[in-house]
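Working notes for the structure below.
In order of appearance the chains are A, B, C and D, and numbering begins at 1 in each one.
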Amino acid sequence: MSPRILLESRDLVKRFGGITATDHVTFSLPEGARHALIGPNGAGKTTFINLLSGVLTPTSGEIFLDGANVTHWSARKRAHAGLARTFQINQLFADLTPIETLMLTIAEREGEGASWWRPVGARTDFVDEAVALLAQLGISDIAHHRVGQLAYGKQRLLEIAVALAQKPKVLLLDEPAAGVPEHEREQILDVVAALPKEVALILIEHDMHLVFRFAKSISVLVNGGLFVEGTPEEIANDPRVRQVYLGEEDVHV
Amino acid sequence: MSAITPSPEATRARAVLLGRSRWGVAEIIFWILAFACYWLFPTKLSLLSEIAILGLVALSVDLVLGYAGIVTLGQGAFFGIGAYAAGLAAKHGMGTTLWSDPVIGLFIGGGAAAVIGFATSFLVLRGSDMTRLMVTLGVALIVDEVVNQMKWLTGGSDGLQGVLPSAVLGIWEFDLFGRVAFVYSLVVLFVLFVVARALVKSPFGLSLQAIKGNMLRTRAIGMPVNARLVAVYTVAAFYAGVAGALAAQTTQFASPDYVAFHRSADAMLMLVFGGAGHLYGGLLGSIIFRTMQDVLGNITPQYWQFWLGVTLVALVLFVRGGILGLLGNMLAAWRRKGGAS
Amino acid sequence: MFRRQILKSIGVAGLALATGISAASAQEVVKVGLILPMTGPSASTGRQIEAGVRLWMAQNGTTVAGKKIEIIIKDDTGAADQSKRLATELVVNDKVAFLAGFGLTPLALAVGPVASQAKVPAVIMAAGTSTIVASSPYFVRTSFTLPQNTAPMAQWSAANNIKTVVTLVSDYGPGLDSEKAFKAEFEGKGGKVLDTLRAPMMNPEFAAFLQKAKDLKPDALFLFVPSGQGASLMKQVGERELAKAGIKIIGTGDVTDDDQLNGMGDALIGMITSHNYSAAHDSPENKAYVAAFLKANNNMRPNFMSVGGFDGMAAIYKALEKTKGDTDGTKLVEAMKGLALVSPRGPISIDATTRDITQNVYVREVKKVDGQLYNVEFATIPNVKGSN
Amino acid sequence: MLTILLDGIAYGMLLFILAVGLCVTLGLMNFINLAHGTFAMAGGYLTITLMQKAGVPFLWCLPAAFIFAAVLGLVLERTLYRHLYDKTHLDQVLFSIGLVFISIAVVDYAYGANQQIVNLPDYLTGRFSFLGASIGVYRVFVIAICGLLVVSLQLVLTMTRFGSRLRAAVDDGRVARGMGIDVTRIFAVTFAVGSGLAGLGGALGTGIISFDPTFPLKYMIYFLIVISVGGTTTITGPFLAAILLGVADVAGKYYVPAVGGFIIYTIMVVVLIVRPQGLFARAAAK
């Protein structure tokens, strides 16, 4: 029986004045997917992610999350329904510490966000989960430092940790390794690879090595439209993609 | 999640997190000193109860501005509403019925302010700092107009006459020397401070700091941002209302001056003086601000405002985060130099 | 953590801020606590009263019935909660035998409860609303009341074929008091008050109200504003050319306040007002008073507020003489009841039952007298009671 | 009825000249300068001093007030305001409130607390009536001067290079800097001119409104209303807002004195919520 479709867009369009950033994109993401979204700069990748996650509202078309029509849901409601994302530019709480950020996210997920009488840290189960997540991401050492003063790479890892703390069904990763120095990129890739199987992943990435090592399926976006979709091998050998995007560099699978 | 036995990191993490909310030695000393003022400054009790009331208003601004990041120039409106509500209760209770008991008056004052706070909280959810500044200012001006026009109820610009609160809890009568007033104000401040402290150290308080930090991320992790802002704005309005009630009961008077612009401006100045977002910033700010005003007022009665203006400009230009921020930086610099830790 | 160190240092600082406990007061000194608005909109009132008080003490020495008189001046900036706090501190810390001053009605009302509780006589040298004295048995007034100053104006208007009047007053205690008194007296004499306009106390823009009065075409426009606002009101009256429209301008002396009259320009000449004091009052006591006042205050002309202060000190001195220096509050108030003395404004007395002031009220016209504008009195209504 | 309208328009025009400087500084540098009233007060008190003490004719006081306030604005901008552009709105608000307190205390010290008045020259007093309504000569004078200023401001903005550069900088400072426009210099000049206009407005105001040391606080609320209703991206927005406010204020006091102030503040709050960028401004690009 074909795997359950967790995230789906039908004929999705987004226009900013005259510019069509998303051009009738129909797309579906099955359970456990490891899907990469690639395309030249300005192809509308981040816009598409913002549409899926509710940061932007579409001009037309619909979005379905686990079967429910979430087109008009707020980002908050979609987050609660199991859709998490990281941001291309770090969006973290500068004054808080990593452990506090995770405790906050877990508390919101469990509906404990508004509990005002007991201090943060009273829920031992939350603390244990947060500490485990930090360990999983390998950033236990900076658990109590102010996020504002963390190294850029550590912040990227924290972005992923926060998304994971939401226990999502679908995870949208917007260039998780962007701007991260070479030696730390491997760490991020290992983390992404080790993500739980049942979570469906979309990865936006420019670095083809990462894409081909990670992705089980790839979509190529050009000028806001879905240019071509397929397995890594099909995409690598497809002349149109090569001509539009990959240029002459030969790609070994 | 596998229930792993608490690893060393987990126990350390819990210790650090819970450590944030444990009562420090300095905090305990601060409150002992505050209550000791009863014996230390027997002749200055009415000034001290005024400082306690101003501290409560600064605390209410701290919740909204320091923690949730909402710029407000309208907390004076809730202070005034609280003062008039409690004043009217005391006046019509005529010291006889239950209604004129000051403690009930506090809830009437705080409650009335909270209702108006809740109603106007939706106005400050969206908009930039500038819009929020002007909306809160506009609300305060409207309350001022209403108080001035409803002469039959509020006594108009002459103020509310005949406010006769009965004895606190039926036991302590307000004495001329301001002893009861001082202890009463300080106890109310302490109780509300403890509640605010718990609030700020709780997940709710953490979520406020998150909202102030990054609105986009708070929405991405599913936080009902508007509900939180409405809640904190209403609680802050309650705090300012109780402060107003205290003022009306201890001075047995309420006037439109309670709602004037300078009340809201003073509250914000005191907070920033002390250091916003430190919870003690407001209290520290009100002590220094009001003492400076009293001392300077006696030397050069006319120009307290001049020195206030100069200190303010200097504060903004040279100091980040008020006195507590300044002390924090100095200590951090001292520690870095001395390599003490 | 750094937090612990900081708060410890604050505790120590708190102690250092302790202002010294006030010196114990020797029995032979009698202190008078003067609470005046030295800053803010009614600062001119504070300045005039202080000058009147100092002039009386300069002329009558500082010892009465063997007791040395000492005055302590406190600025309440015109805010009622400050007046109350200062009154409490004066009574509790400085152990004053008299409280005095009170520039505006709300400031006096705020101090009433303190005077009653502490049984200290409070001499009202300025505030004019009639209901104040009744609010505390320890209030005694040496200034004036609005009905007292307003009623004669209504009587004069009715007697001088003024049939219809529009009243414009500042929207606060004394203003409403004078409006009510004028309307009662004027309509009692058969006159008709077409409309009662009220200008907000906060930013007093009179243009719209004056235009409304002009459109109603009354025989006369009655005005009342607190001292200090008279100048800008009269400028706007001139600008609106009400006189040209055949409307006579009348009001209480607060509008043509001696403190500002000279700066208001000649458009004022001919304006009729009624008040309890004019610097041009023709009596030997007043001539000496004005001369001494001008000399002592580099040519600042005394106004009705200054005589409130001057006569207030007189009442305090006389009361102490009567009780032979006994500073028991109740005895002092008893001593002041029925007190009669000749003031620069004319004969005054403290009514035994109401403790309010009874005095002559004069109808005067603004005239230029050797280069300066004065309110020249031309009719006297003797012994008008303060409040009944 | 017409008289009230004309009074309202004169008052509105005056408010515009007083507030336009603030609209531009807020629009251009996103700087909340609550102390803008101080420059208007400077112009007003300079006029009072020149006329009362030095007997300078009223007409000469106007340019003098403009220059004095402009220089004051330039000096303050170059010494103090400069350090605050990158600070938060809260710091800017506190800084400007501090300045307001200083200016109130200084004027209180120098001139005393009571209201100052100015005796206008004869040719500017008196009234004349037409079509059944009467209007003060001085108010016509104010309408004429302010009308002239509005037109010239509009011309400067639309026709001159400086104007186009200023509008570019208002629209998007970053892009303007990218195109090589020296935004800081433009701001310094605009701030000075804005303050000068406020000073001129203050001088003109001595004939209509009363001046006392608390002027900057009393009129700060009116300036804020003009900005919030008029928006900061155009000149016509604040102009129309000022006229609306002037007429509403005068008419309010004439017809419904009890609720006059109430209406104006409610309008401000409603506009702020419904159209945060201002009633007349097009949707703010930023």
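The rule is simple: contacts are C-beta pairs under 8 Å (C-beta built on N, C-alpha and C of every residue); 3 or more make two chains touch, one makes a residue touch a chain.
Since this is a predicted model, take the numbers as computed values, not measurements.
Undergrad: Walk from chain B over to chain C along touching chains and report the minimum step count.
TA: The distance in steps between these two chains is 1.
Undergrad: What chains touch chain A and also chain B?
TA: none
Undergrad: Have a look at C-D versus B-D and report the one with more C-beta pairs in contact.
TA: B-D
Undergrad: Among all chains, which one's averaged Cα position is nearest the averaged Cα position of every protein chain shown?
TA: B
Undergrad: Please indicate which chain is farthest from chain A, where distance is taken between mean Cα coordinates of the chains.
TA: It is C.
Undergrad: Please report how many Å separate the Cα centroid of chain B from that of chain D, as a whole number.
TA: Inter-chain centre distance comes to 34 Å.
Undergrad: From the C-alpha centre of chain A to that of chain C, how far is it in Å?
TA: 75
Undergrad: Which integer distance in Å separates the CA centroid of chain A from that of chain D?
TA: 50
Undergrad: Rounded to the nearest whole Å, what is the centre-to-centre distance of chain C and chain D, using the mean of the C-alpha atoms as each centre?
TA: Each chain reduced to its C-alpha mean, chain C and chain D end up 37 Å apart.
Undergrad: Going by the touch rule set out above, which residues of chain D reach two or more other chains?
TA: 108, 261
Undergrad: Identify all positions of chain C at which a residue touches two or more other chains, and write them in rising order.
TA: 39, 200, 202 - these are the residues of chain C that touch more than one other chain.
Undergrad: So which stretches of chain B touch two or more other chains?
TA: 302
Undergrad: Provide the full list of chain pairs in touch.
TA: A-B, B-C, B-D, C-D
Undergrad: So in the complex, which bits of chain C are touching chain B?
TA: Listed in rising order, the residues are 1-11, 14-15, 17-19, 21-22, 38-39, 75, 79-81, 84-85, 88-89, 91-93, 105-106, 109-110, 113-114, 117-118, 129, 135, 171-173, 200-202.
Undergrad: Mind pulling up the chain D residues that touch chain C in the complex?
TA: So the residues of chain D touching chain C come out as 3-4, 7, 11, 108, 112-115, 117, 119, 125-127, 134, 136, 138, 207-210, 212, 214, 218, 249-254, 257, 260-261.
Undergrad: Under the definition above, what is the set of chain A residues touching chain B in their complex?
TA: Chain A reaches chain B through residues 53, 55, 74-77, 79-80, 84-85, 87, 91-96, 99-101, 103-105, 107-109, 112-122, 124-125, 127-132, 134-135, 140, 143-144, 162, 165-166.
Undergrad: Mind listing the chain B positions that touch chain C in their complex?
TA: Against chain C, the touching part of chain B is residues 24-27, 29-30, 32-33, 37, 40-44, 46-47, 50, 148, 156-159, 161, 176-178, 247, 251-253, 255, 257-258, 280, 284, 287, 291, 295, 297, 301-302, 324, 327-328, 331-332, 335.
Undergrad: Please give the residue numbers of chain B that touch chain D in the complex, ascending.
TA: Chain B residues touching chain D: 65, 71, 73, 123, 126-131, 133-135, 137-139, 141-142, 145-146, 149, 261-262, 265, 268-269, 272, 302-303, 305-306, 308-313, 315-317.
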